[in-house]
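Naming follows writing order (A, B and C), and every chain is counted from residue 1.
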Amino acid sequence: MAVASRTPPKKRDWSWRSQAFRGLLYQILAVAVIGGAVWFLAHNTVENMRVRGIKSGFDFLFQPAGFDIGEPLFGYDSNNPYWKAFLVGVGNTLRVAIIGIILTTILGTLIGVGRFSRNGLVRGLCYAYVEFFRNIPVLLQLLMWYLLFTELLPDISEAKQVGSVFLSKGGLTYPAPVWVSGHAWMFAGLIAALVAVWFYRRWAHRQFEATGKQPGTFWGSVAVILLLTVGGWFIGGSPTEMRVPVKGEFAVEGGASFTPEFLAVLFGLTLYTAAFVAEVVRSGIASVPRGQSEAAQAIGLSRGQEMQKVLLPQALRVIIPPMTNQYLNLTKNSSLAVAIGYPDVVSISNTALNQTGRAVECIAIIMLVYLTTSLSTSFFMNWYNAKSAIKER
Amino acid sequence: MAETIIFQSKPARPAPNRTEGLLPWIKLNLFGTWQSALSTVIIGALLVLYVPQFLNWAIFTSTTSTNADACRAAGVGACWGAVVEKYRLIIFGRYPFEEQWRPLVATLIMLTMLVVSCIRYFWSKWLVLGWTVTLAAYFILMYGSLFGYLDVFGLSKVTTDRWGGLPLTIMLSTLSIMLAFPLAVVVALGRRSHLPAIRSLCTVYVELIRGVPLISVLFMASFMFPLFMPQGVTIDTLLRVLVGITLFAAAYMAEVVRGGLQSLPKGQTEAAASIGLSYWQTQRKIILPQALATVIPGIMNNFISIFKDTSLVTIVSLYELTGSHGLAFNSDADWRPFKLEGYLFIVAIYFVFCFAMSRYSLWIEAQVNKSKLR
Amino acid sequence: MKLSRTQFGLSAVIAALGLSAFPAHAGKTLDAIKARGQVVCGVNTGLAGFSQADSSGNWSGLDVDVCKAVAAATLGDANKIKWVPLNAQQRFAALQSGEIDILSRNTTFSLTRDASLGLHVTGVTYYDGQGFMVTTKSKIRDAKQLKGQTVCVQSGTTTEKNLTDFSKANNLGIKPVVFEKVEAATGAYFSGRCVAYTTDASGLASVRNKEAKNPDEHVILPQLISKEPLGPMVRRGDDEWFAIAKWVIHGLLEAEEYGVTQANVDQMKSSTDPVVQRLLGTTEDTGKLLGLDKEWMARAIKAVGNYGEIFEKNVGPKSALKLPRGANNLWNKGGLMYAYPVR
């Protein structure tokens, strides 16, 4: 580059020494090397498959799967094609991920806020929780929860009963309503109520901006939601039929249930990720300047109000990006469910891989599912982040 | 007539409340407000209720007898005998029993080197040499020879499928972080490059790897990798898994390094360019030394998470610490009921390592930031 | 500076070329085995009676002995084997990719596996069927009583599909709990998570007798719900190697049929029975046709014994597994084992 300092290169100087040329050369080289490597691997794979007569392609997705799944989220039968089995797996992954994200947010926020408690015992416990749970591999935690659930709970034939709820090694079995069309009305009512509440709150917020008075919205919202939901239920013919679990000869029959596998995955993921979420929340709150807290105290806000109205809203802006990462980690870690027999997408994919021998295709499906989830979650969180960022006038 | 003013002493003001010492601390921190007092009472009650029970199980009624029947006796709590009986299998996995001094020595050498590398005093070029010697010694001890050469020590050959336990956990995490580091620096620089093709290649790599779980990368390394290779070329499973973890770790580390690069003011690059340094000179002499110093805590955190993530290789049948626990307990009918004690044992091992590393990470962060506080 | 950059670029190109110039070996399996002096054999990570490693890494079991016989026949030494323990998911990829030469890992033959995985089945070494194991105190004594019950099963096997078929055919609505690893599946069964554990009957016997605290607490239900012919596999594209593996198995069966045992194989070389003479290579050189020498089968028998001996030693009534000979007896003793003539 000593040359360059003597005669500064022109912008479009296509000599051997120009930056533009070098840049192009490096790029071509990089693409060629990476492309060559990918081609080399792909060529080998195709060649290996051809020589050994291994079938490939995604056509197997439309053949009947032929295996049962322990806890399908929706109607699935072993005669259904493979793609539907995969869909069940994706559904199970999302089920544990979504519930896990909700629970972990609540727990993590509580613990993160607890690090600022005025009570020394609470502070100490929250600190101990964070240090303990985040320093142990999540797989180990899942295995331990599963062991605890399967060893300590009573046998299936001796299920513990509280009302119509049974707890045993078979899981947590509870009564569930039998789905009839009447329930659709109830859900329609609920959705209508949520829309109404949203508009109501927006109106209330405008009112607040205009007059400075905050109309109470909480009880009004609750009333609207209850009224419309119950109303919908009555319109639908007030269906009351329930699938109540009963103790059979060998096991608890009927009802809906959470299996120990699901509970272990949920517990493990939630408790592990909550430790990280707590740290995110703690550092977010710590990032709010001390003056904010002092100002809040000066105008006489209680500790709770101070947290809720002053610290958390400001901390939120710092919290969201790392929080997104934690949500993604939780979703990705749900793939460990395969180690304890929860039928998530990795588990289903594994079975499919073994039934059909399409290793490349099945692993590609796993990766695609997680990539899609990851990218769409980051997309959503970026949108939310932009929305909650400081609006400068 | 002058009025006589008689000075009368006023009563002394009360001494300020003591704010130091045990009692005031308790008063302030445990019973400051009524909510605080309530939580203290509730938490205290729960602790009083459950901690003695746990201690009773874990210590007072526990046994270290290596007789499984003694553990099954009524009223006996934790059976630490299971750990006493199985600790060598848990720690060394399937490594030949009478040769287990080899992984012990090899791992101790590696741990010593890790600790040495953490001390600032030793940060010099000699460290590279130290690591080269350490790794050579490690493989000679573990495998019996170095890539089939240097077979002069008369050690029997122990193939990699018999390596296991803690030595494998430490080796996998250390090696993958060391191998991932140069790759991460290159990728991080690539993501900030002004050349669009290189930038997009690096971005795609990072986002692709970060978007998928480690287990799918391991599946790929374990099940699919053999298909990628030309016919007749086979690569050791351990090596394949190591490559998988390295590629995974590199993507995450690249983001940490990129964060460090971004924290440098643009003026540094401009100043370097103005004195006529080339791109690589700028990176090597100006940017990287400053950026890498700030990312050491981040890399340490990467190390911790990779250390924990190595537990996943048990899913592809390598018997590291978590896997060797399964090996020790799953198929042994006598001791299977005491799996929990075994779990607690490896939990303690993982915790000690990760906690020590996270403390170190905090300390080094403070050290790094010291220069900024001037 | 400029020069070094050019060098950098060039070296990158050279490195890329070097990467693609791996030593590609496309020769026959037998040549490769002879060159490396080892047969690479894929076995189960641990199934008592079939393939199991002791604490010093010595492998034993029925599947293991088959590999030893093949190694003895091809290399003249039953110990020249590299053992590659594989789980259910890894096994086919390992064979397809050439990581192993032969897969002797209680693997069921089926049309899909034969036709779409690029594998050849060499012969049956164990006729099996899938069964159920339940605890004695569960009071279930018939597989049809498993209605609505949870059953633990390992993934990556034919077992999952058989279970589904059985459940469907009898309208039982069995809930499978599928585990990645066999230890996890048996562990969950022993902890009481599942009412039953299902796998091949031989596997059940192995688990019951070797892994249960008290075998009497577990019952193997009498019904078998599938046919599971188990045996070694080789990959397609090398018919010579396929033939060797196939004929070693038939040779072991033939040896039992004609009474050639590990102990008497040397004396039997002077036998006057033409079949025995051919088998042991004293008259015809059958080995030559396979690319081996005359003594190939004699060495295999010397190393591990005939099929009957292998069976008795590893899984038979006197072993820990206590499996009856049943369908695995010779054809002329009421079983299904029928050796193709070695001639």
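Simple rule for what comes next: a residue touches a chain if its C-beta (ideal position, glycine included) is under 8 Å from a C-beta of that chain, and two chains touch if they have at least 3 such contacts.
Fair warning: this is a prediction, and the values are worked out from it, not measured in the lab.
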Between the pairs A-C and B-C, the one where more C-beta pairs touch: A-C
Relative to chain B, chain with the most remote C-alpha centre: C
Euclidean distance of C-alpha centroids - chain A vs chain B, Å: 25
Chain B and chain C, separation of their C-alpha mean positions in angstrom: 40
Interface hub residues of chain B, defined as touching at least two other chains: 223-224, 227, 229-231, 278, 315, 339
Junction residues of chain C, two or more chains touched: 1, 89, 93, 96-97, 180-181, 184
Where chain A touches two or more other chains, by residue: 1-2, 26, 48-49, 51, 147, 151, 338-339, 353, 359
Residue ranges of chain C in contact with chain B within the complex: 1, 22-27, 32, 45-46, 53, 55-57, 82, 84-87, 89-90, 93-94, 96-99, 180-181, 183-184, 186-187, 190, 210-213
Residues of chain B that touch chain A when the two form their complex: 25-26, 28-30, 32-33, 35-36, 39-40, 43-44, 194-198, 201, 207-208, 210-216, 219-220, 223-224, 227-231, 276-279, 281, 304, 308-309, 311-312, 314-315, 322, 337, 339-340, 343, 346-347, 350-351, 354-355, 358
Residues on chain A engaged by chain C in the complex (per definition of touch): 1-3, 17, 22, 25-26, 29, 32-33, 36-37, 40, 48-49, 51-55, 66-71, 78, 147, 150-151, 155-157, 169-170, 248, 250-251, 253, 259-261, 338-341, 343, 347, 350-351, 353-357, 359
Complex interface listing, chain B residues touching chain C: 94, 96-97, 159, 161-162, 222-224, 226-227, 229-234, 278, 315-317, 326, 330-334, 336, 339
Interface residues, chain A side, partner chain B - complex: 1-2, 4-5, 23, 26-28, 30-31, 34, 41, 44-45, 47-49, 51, 117-123, 125, 131-132, 134-140, 143-144, 147-148, 151, 332-333, 335-336, 338-339, 346, 353, 359-360, 363, 366-367, 370-371, 374-375
